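Down below is the structure, laid out as structure tokens.
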Amino acid sequence: MKKAFAVLLPLVALLALASLVIGPADIGPLAALKALVAGGDGPLPLVMREIRLPRMLLAILIGGSLGLAGAAMQGYLRNPLAEPGLIGISGSAALGAVIAIQTGLSAAFALALPLMALAGAVGAVLLLVLLAGPRGGSLTLILAGIAVSAMASALTSLVLNLSPSPYAAGEIVFWMMGSLADRSMVHVWLAAPFMAAGALLLARTGRGLDALTLGEDAAGAMGVHLTRLRLALVLGTACVVGAGTAVAGAIGFVGLVVPHLLRPVVGARPSALLWTSAAGGAALLLAADIAVRVVMPDRDLKLGVVTALVGAPLFLHLIWKTRGEQA
Amino acid sequence: MTLLTLSDLSVTLRNRPVLDGITLSVSEGEFVGLIGPNGAGKTTLMRAALGLVPCAGHSSLAALSPAARAKQAAWMPQAREIAWPVSVETLVSLGRLPHGGGTEADAAAIEDALAQMQLSPLRARTATRLSGGEQARALIARALAQECPLLLADEPVAGLDPAHQIATMQVFARLAAEGRGVVTSLHDLGLAARHCTRLVLLAHGRILADGTPAEVLTPARMAEAFGVSIYHAETEDGPVFLPMGVLG
Amino acid sequence: MRSARAFLAALCLGLPAAAQAQDAAPRRVVSINLCTDQLAMMLAAPGQLRSVSMLAVDPRSSAMVDEAQAYDINHALAEEVWLMQPDLVLAGQYSSLAAVAMLRRLGVRVAQIAPANSLEEVRDHIAEVGTLLHREAEAEALTAQFDADLAALRAPAGGPHPRAALYYANGYTTGDQTLAGQILAAAGFANVAAEAGFPYGGPMPLELLAMAEPDALITSRAYPGGSRSEEILEHPVVERLRDAVPGAIMSDADWICGTPKVLGAMKKLTEMRERMRPAQ
């Protein structure tokens, strides 16, 4: 686990730096960093502090959240296919956020945006945990996830189609695919407290998730409070995923790819995977967000497209492997 | 000293009575074999004693807080679940969770458990890739590493080869001899007779007999509980009990 | 009910509806596109235009809401348009394509007008619709008026050209090869989008806008109902820019269609530029 951090933390730092110096405007890296730290006249400090810094911070926060939530969900459901985006948690959070925006609630009260997204996410996690608890198999989980995802995206489309704003219909893409383009520090401050609270809740699940490796019965006999564990998991996941989705849309596959890649590195222990996955998620999302700027700088390429291109083949591979194990 | 007291314990699952008025106590130094036909309620008895299923009556373990209970009794369920590809050593170390983990005492307990189950050569192997019997031994080692005064194990020797069946029973007998208590359900009457200090025969949710192997394993009781005839002989190496045929 | 059945029958049999000789002036004209709606209302003879599209009465998009109240409203659906028994349907080049195709199958004469991308094309479209309606004289008069008004408004060459940015929801900008860009240029502004490499427009990253340091910022009007697309117009960077330089909220209705109404937009821009002059 320490070894993993020794690689991941410098990687995150390096990518964060790259994220700050890469952008559509042609600014020298040194001038950019100097303007960020020292300020000065002209538009440069504003660009660095109000556009690129929040973009980098959000990539770290949201990537970390998705990695952490993915690892926690997988640990609790004991299923490597559990991922907030795939099983509809992000989609439900997006629905909450869309309702907050379209009803004007978020304009009247800024916190309504993350709170409504959180409410959407709580509903989805609760439903999934009840339908496909630790005893439910992969099939139950994926089927329940498909149902929740389909419902959430249909309702999101409905709300956007009913909106009087001509832009609303086009926003479906953002909510389904996610983007960090042109976010501001306002978004960072809106999401960060919820993410911190959620991460704190999820961090405390480590011991219980370890014990669950042996099954619910053994875990219960080892002093794990299963009801409390479930509550922490539901609220924690909803907090981090809800807040992230509220400001950047639903970004899929991060919570699937990262725990899967890092599991062998930490010896598969669920508690060790939590923070390692958070660091890995931050690195992956930073890299994906750099990729959308480098590969197609003149197009507003959505983040979820890149993460899906990396994640979907891996997802298929995982299903193939699970199938092999069951046969 | 008594490690476990059950008084008038009853369990009803889905409107079907599974256990009915069980009164039982287990003391230090006892190796109790829980025998009985399929569906007699052996697993439910142990789970109810641990407070894992709601029950009427009193269990001294279920009355404890989860944390205190985890230090009083270790539980090895019958389902051999290992959800993630952890190493054998990591798997065994999970038994130290109730104690916090990471201290020298923890490391010693893990070493001891690995050695007792002859797992030291397999310690770095991935637990999910082991054979069924090896996984069973690793899970027993996990329960041993919890180092509780009382060990409850549900069919721990099922699926083990003869040598490891005997070795496991000897480990449990040694634990009992050291002053701990062991309760294990099993179907091998021969092993039960040779290693357990006491047998509890369960049928239809009630205790049919409770005593030394010789007292419990009588032809009449075996016929009543299992519907089998039994061969019994005393040899130089101890008693032999073998079910011989199904009674019409 | 009977007419609905007739519609179905005509649809199935592919019967041409009462075909009109094209050399006679159309007498029952239906417009199903916001921009043809407005040109037709300006040019048609009394009673010639029967119906305009529902967008024509929406003040958020139409510059001629009051005039449009006098006509039946259609929703650009083939069935409803066919039942009006038009002898000419005016449609946009890229909208309601299914309805256009079906109306043509039913034998209805449909004229498609492309969106205007320049002030020159505004003149072309006036002439085109004038010819279609057999109202050439009115079209010429309208064009002459347009030319005169445009000449009066057009910024003198050689004067200072403040650099303006057009910035809408989703960070969208329009370049100089568009109608909005030409309005901006005619009003005497240089277009920041063109400098930044967006001749036609597209989503311009916010940091390019900030780095370009425009002298004026023209943003779109907020629509009712929240949307995250418009959220970017409240981004701290945009707000700071808006505080620092003169800005205008453009009213979409004057900008959307290539009609003489674009001069209204141009007039506002010209006034803004003139107010800016002392500061320069």
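All chains are identified by letter, namely A, B and C, in their written order; residue positions are counted from 1 within each chain.
Just so we're on the same page, a residue touches a chain if its C-beta (ideal position, glycine included) is under 8 Å from a C-beta of that chain, and two chains touch if they have at least 3 such contacts.
From a predicted model like this one, the values you see are computed outputs, not experimental measurements.
Colleague: Which chain has its Cα centroid closest to the overall Cα centroid?
Modeller: Smallest offset from the overall C-alpha mean is found for A.
Colleague: Where centres are the averaged C-alpha coordinates, which chain has the largest centre distance to subunit C?
Modeller: Between subunit C and the rest, the longest centre separation is with B.
Colleague: Can you work out the whole-Å distance between the CA centroids of subunit A and subunit C?
Modeller: 42
Colleague: Could you work out how far the Cα centre of subunit B sits from that of subunit C, in whole Å?
Modeller: 83
Colleague: How many angstrom between the C-alpha centroids of subunit B and subunit A?
Modeller: 44
Colleague: Within their complex, state which residues of subunit B touch subunit A.
Modeller: Result: residues 47, 50, 52, 66-67, 69-71, 73-77, 79, 81-87, 90-91, 94-95, 97-98, 139, 142, 146 of subunit B touch subunit A.
Colleague: Would you tell me which residues of subunit A are touching subunit B in their complex?
Modeller: Contacts found on subunit A: 78, 207, 210-215, 217-218, 220-225, 263-264, 267-270.
Colleague: In their shared complex, at which residues does subunit A touch subunit C?
Modeller: 23-25, 27, 42-44, 46-47, 50-52, 101-104, 106-107, 163-168, 170-171, 174, 181-182, 184-186, 298-300
Colleague: Can you list the subunit C residues touching subunit A in their complex?
Modeller: 60, 169-171, 197, 202-203, 205-208, 210-211, 213, 223-230, 232, 235-237, 240
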